[in-house]
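After the C-alpha cells below, expect a handful of questions from me.
In this document, chain identifiers A, B, C and D correspond to the written order of the chains, with residue numbering beginning at 1 in each.
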Amino acid sequence: MNIGVVGLGKMGFNLSLNLLDHSHEVVVYDINQEAVEDLSRKGAGGAATISELVESLSTPRVIWLMVPAGAITDNVISELKPLLSEGDIVIDGGNSHYKQSVHRAEELLNQGIYFLDVGTSGGTDGARNGVCTMIGGNKEAFMTVEPVFRDICVENGYLYAGESGSGHFLKMVHNGIEYGMMQSIAEGFDLLEKSSFDFDYEKVARVWNNGSVIRSWLMELTENAFSKDSRLEGIKGVMHSSGEGKWTVETALDLQTATPVIALSLMMRYRSLEEDTFTGKVVAALRNEFGGHAIVKSEE
Amino acid sequence: MNIGVVGLGKMGFNLSLNLLDHSHEVVVYDINQEAVEDLSRKGAGGAATISELVESLSTPRVIWLMVPAGAITDNVISELKPLLSEGDIVIDGGNSHYKQSVHRAEELLNQGIYFLDVGTSGGTDGARNGVCTMIGGNKEAFMTVEPVFRDICVENGYLYAGESGSGHFLKMVHNGIEYGMMQSIAEGFDLLEKSSFDFDYEKVARVWNNGSVIRSWLMELTENAFSKDSRLEGIKGVMHSSGEGKWTVETALDLQTATPVIALSLMMRYRSLEEDTFTGKVVAALRNEFGGHAIVKSEE
Amino acid sequence: MNIGVVGLGKMGFNLSLNLLDHSHEVVVYDINQEAVEDLSRKGAGGAATISELVESLSTPRVIWLMVPAGAITDNVISELKPLLSEGDIVIDGGNSHYKQSVHRAEELLNQGIYFLDVGTSGGTDGARNGVCTMIGGNKEAFMTVEPVFRDICVENGYLYAGESGSGHFLKMVHNGIEYGMMQSIAEGFDLLEKSSFDFDYEKVARVWNNGSVIRSWLMELTENAFSKDSRLEGIKGVMHSSGEGKWTVETALDLQTATPVIALSLMMRYRSLEEDTFTGKVVAALRNEFGGHAIVKSEE
Amino acid sequence: MNIGVVGLGKMGFNLSLNLLDHSHEVVVYDINQEAVEDLSRKGAGGAATISELVESLSTPRVIWLMVPAGAITDNVISELKPLLSEGDIVIDGGNSHYKQSVHRAEELLNQGIYFLDVGTSGGTDGARNGVCTMIGGNKEAFMTVEPVFRDICVENGYLYAGESGSGHFLKMVHNGIEYGMMQSIAEGFDLLEKSSFDFDYEKVARVWNNGSVIRSWLMELTENAFSKDSRLEGIKGVMHSSGEGKWTVETALDLQTATPVIALSLMMRYRSLEEDTFTGKVVAALRNEFGGHAIVKSEE
C-alpha cells in the first residue's frame, strides 16, 4: 500500500522500516531532514515538505502521523487539512488524548476525510518488529488500511476497537495498567532489597519469568535491567511520566471509578520527583508541636 | 529419585503426577486415602500412614510436604520428626510464612535434618506440567535434590535463593506483586466498563497479549476468563485472599517500606467483602451534620 | 452597608439573616419568590427580578451571589453584567472552580466591575451565626466590603488571600483536607466496629473531643451523629461528593503533587456508590483461572 | 488519693505535677533520680527504688506507670508483681499494645491485682493541665481510682471504655486517626505551596481555625508552627513514627478492614525516611528498557 509517514522519531522511524520490510510504498517526512534521507537510502520516498508528501501519494491517501501529542499533532493536521481530498485517511498513531481524537475525527469528517485514532504499544522494538495497535474510527476506513495493520503488527496484535476515540482510550487505559504493574513489580523488589536476605535480582526476575503467575514482558525487562546493573546502582529512582497515566486517573475521576492502584502508581512517581516535601515538613512540625518529637533540621 | 509426598490436594496431586512423569519413585500419603489409591494406580507407592511413608523411603529420605500452611504443617512436621534420621531432607512446598520456615529449619537442624522452604508458583497447571519454585535452606541439601527441581520445573524455573526462609520470602513477595498486577488489570477493565465505548473485553485482552507492554500470563488468564463469560455477569466481585498478600504488607510495615499499591490491592479485597461499610455510614452522617446533605436510608 | 443577595438556598438564606442581624440593608432575589417574601417579612428588601435588585442598590453596588456553581453562576453573571456600572462589586460566595473565578474576574474587570471569589465554610449554621470566608480578588474592592466580612464572620474568620482565584483555591483545598479528615475519622470508627470490644461510639467521640489530639469540629459532629443514632443503623454508607474533592485531586495531578490521602478519600466515596464492582469481578475471575479458587456467583 | 507514679519522662513528670495540683499524695520513682528530687521539692514523696515506692503506699495501692511501652513496661511490672498485694491497682498510662494489656491484666489478676490500661492523649501540655484518657479493665478498680481521672483530665475527658485492652485499643485507633488528619492537613498545605498563589500559611491556618469545617486542635498547632517558621524552611520533611500507626494498620489487616487513608498516611511516613528508593530505580529502569526513556544517573 502507498502510505505516508509524518514524524520520524524513535517510533516513526522504526515503524517506517517495519512498513518497508513488508513492501509498502512509504513516503516519509520530518522536519529533521536527516531522518528523511536516512530512510530514503533504505527504500522510502522522501518529502521535503508536508505538501510534497501529500502530492506524492495516490488517492485515497493514507497518512500515518507519529508526532508528539498535543499542539504538534494539531499543527500537522491543520497543515494537512487543506491539502487532502474526500476519502483520504489520516491515522494518528501518537499518544493523543482520546477526547481530542473524537474532536479531530469530527472536524476532518466535515471535509470527508477519515481519521483513525491508533494506540500503539510495544516500545521501539515493537515498532520495528511487530507492534500492538488499538484502532478507533470509521470502520470502512479501517478496513481499507487493515492490510497495513496485518503486516506491521504481531499476530493478533491489532484490534478495531470501535468508534472514534476508542483506540486512544484503550491505549490510555493500557498505560494506566502498565503504571500499576510496574509499580507492583518495583515495590516487590524494594521489599527484597530491604530484607535481610541476599537476593540476586536478575536470577529472581528470571525464575519469576519461567512458570510463575507473574511472568510478563515487564518482568523480562526487569531481568534485562538487572543483567546490566545488578543492583541498579547507576540509576536514580526518579520516575518521570509522560501523561497517559495522568489522563487515566483523570478519566477515572470523571467516570467516578475507584482506581486506587493506578492513582497511587502515578502519585508515587510525582513523589519521586521531590527530594523533600512540604507535606513532610508540615507533619514533622505538627509532631514537634504536640509531642515535642525531635525534628530533623534542614541543612543550611 | 526416591521421594515421599505428603498432601495430595490440587497442588500435591498434580506435583506427584509431574514427578512420576519424570520417573521418580514417588511414595504418597494423604489423610484422604482415595487420592492415595488414585495415585497408586498411576504408578506411585501408597502409604496408609506417615510412618509407613517414612519407612518405605531409602535414606537419606526426601519428603515433600504439600499441606495447608500453619497448624497442619506444624502437625505433620511434629509427626515426622521422631521418625526421621540425620541427613534426611524435608521440603515444605506450601505457602508457609517465611519466619516459620526459618524457625522450622532451625528446629529440624538440631536433629540433623535438613529443611528446604520452597515457594511454588504457576497454579495447578504449573504443578502438573512445569512449576516455578524458589528454594531456601541448606545449599548441600538443595544440591542433593536439585535433579527433582530440574525435572518438575519449567526451564529456568527454579532458583536456589539462599538461606532458610528466602524461598518462602520470595514466594510471599511474588504474591504481593501478583495482587498489584491483578488489581491493575482489573481497574483498567473497570474503566473500559464505565466508559461510553462498547468494548469486547476478550478481544481487548487478546490484543494486549500480542505485542503490548502489558502482555503477561495474567492477561492471558483475563482473556480466558472473558472467553467464558464475556462481561463476567455470572461472577460477583468478591475478592477473597489467602494470606500471602497480608503477609507482604505486614512485612512492608516491619521493613518500613512504602508499598502503597500492594497495600491498596489488599485493602480493596477487604472492601469487596462488605456490602456496606461503617466508614461510609460515618462519612454520610458527617456530611448530613454539617451541610444538611441528604443521606441514603438503610432499607428496613 | 447596602448589599444585594442573589440565591436564597440554605446558605444564602442564612447569610441574609446574618447580614440583617448586623443591620445591613439587604435586598434579596431568588427565582423562588417564597424565600424572597419570607426574608422580606424579616426586614430585607425583596426583588422580583435581578434587574429590580440591581436598581434598588446604591452605587457602588455590592452583590453577593450564593447560587450553584457552574452554569447557573455563569447565567446570573451574564444577566448582571449589562446592568452593572464601573466600580460595582460582585461577590461569588459559591463553590466555584478557582480557574473559573480567575476568568470571571478578568471578564468583569474589562467593564470596570470588581469580582471577589469567596470561599465559605462552616455549614448552614456558620452561614447563620458566623461563617468562615477566604477571599480572593482586587484588594481595594475587598477593603470596601471588609465591614461586611467583619460582621458576618466569626472572629478572625475571614482572610483576604490574594489575587483572583485564591479565595476559591483555598476553599477547594479546605474541602480536600475535609475529605481526608472525615475518612480518617470514619476509618477509625470502622476499626472500633470490627473489634471485639463493645464501644459506645457517642462516648468515644465525646472523650476524643475533650483534651485529645484529634479534637475537632468534625469530631463534635461525629458525637452529634452518634447521639441521634448510636450505631448509625438508619444510614447507608453511600458517600456522595459535590465536586470540590475531585477538583482538589485534579489540581494535585496538575501540580504533580502526591496527595494519596485526599485522592483515596475521594476514591473510597466513588467505591461506596457501587454495590458490586467490575474490578472485583475481574480479580475474582483471575483467582479462579490460575488457582481454581471458588468464585461467588451473581444472584440471578 | 495516695498514688505512686513510676516513670518521670515528659509525660510522667507533668502528670505528677497535675496530680499534686489536685492535692493527691504522690510518691514518684524514676531511674533518673534528678527527676525524683525535682518533684520532691514540689511536694511529691520520692522513692529511691521501686520497692521503696511500693512500701510507702497505703493499701490498696494505686501505681501509675508512665514508662516506655514494650520491654521496659514488662520489666517494671515484673519487678512490681512480687511486691504487690491482692486488691492493688496498676495503671499503665503508656502506649502499650492493647493485646499486651489484655495479657498483663490476666497475669496480674491471677495474683488478685487489678490492671487498668489507660490510653492518654493531649501531648505534654495535656498531661500537665488536663489530659484525655481512655480506660480499660476491671470496672470496680476503675471506680476506685475514678477521682484521680476526674481531677487530672479535662472536663468530660475520661472514658471507662470496657474490658481490658479497650483503653489502649482506643488510644491506638485515636493515633491512626491522628495520622490521617495530619497527612490530610499536610497534603493541603503542599498544594498551597505548589500553587502559583502566594499564601501566608499562618493566616490560612488561622482562618481555617475560625468557623471552618476543618477547625481542630491539629490546625491550631499548624498555625503555631507557621507562626514560628512561616514556610517551615528550617525543618526537613522527615516523618518519623512511634509505632501506634503501624499497630493500627496491622489491626486493620487482622480485622480485614479497608483503611486506605490511615495505611497511606503511615506509608508516606516511611517513604519520607528515604532519600531515594529502590522502587523508583526499578520503575526508571523499566521505562528505559521499553521506551528508551532517559534515566537520571546516580551521583557518584
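We take it that contacts are C-beta pairs under 8 Å (C-beta built on N, C-alpha and C of every residue); 3 or more make two chains touch, one makes a residue touch a chain.
These are the chains along with the protein names UniProt gives them: A, B, C, D = 6-phosphogluconate dehydrogenase.
Everything numeric in this text was worked out from a predicted model, so none of it was measured.
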Co-neighbours of subunit D and subunit A - touch as defined: B, C
Between subunit B and its twin subunit C, rotation from the CA superposition, multiple of 5 degrees: 180
Interface sides of subunit A and subunit C: same vs different residues, half threshold: same
Chain whose average C-alpha position is farthest from subunit B's own: C
Geometric centre distance via CA averages, subunit C-subunit B, whole Å: 48
Inter-centroid spacing, subunit D versus subunit B (mean Cα positions, whole Å): 38
Inter-centroid spacing, subunit D versus subunit C (mean Cα positions, whole Å): 34
Sequence positions of subunit B contacting 2 or more other chains: 123, 183, 185, 187, 190, 194, 213, 217-218, 252, 256-260, 264, 267-268, 271, 277, 279, 290
Residue numbers on subunit C that touch subunit B, as the complex places them: 10, 123-125, 182-183, 185-187, 189-190, 193-194, 217-218, 221-222, 224-225, 229, 232-240, 242, 260, 264, 268-269, 271-272, 275-293, 295-299
Touching residues (chain side subunit C, partner subunit D) in the complex: 121-123, 126, 130-134, 153-159, 161-163, 165-166, 169-170, 173-174, 176-181, 183-185, 187-188, 190-192, 194-195, 197-199, 203-204, 206-219, 248, 251-252, 255-262, 264-265, 267-268
Touching residues on subunit A, where the partner in the complex is subunit C: 213, 246, 249-250, 252-253, 256-260, 263-264, 266-268, 270-271, 273, 277, 279, 290
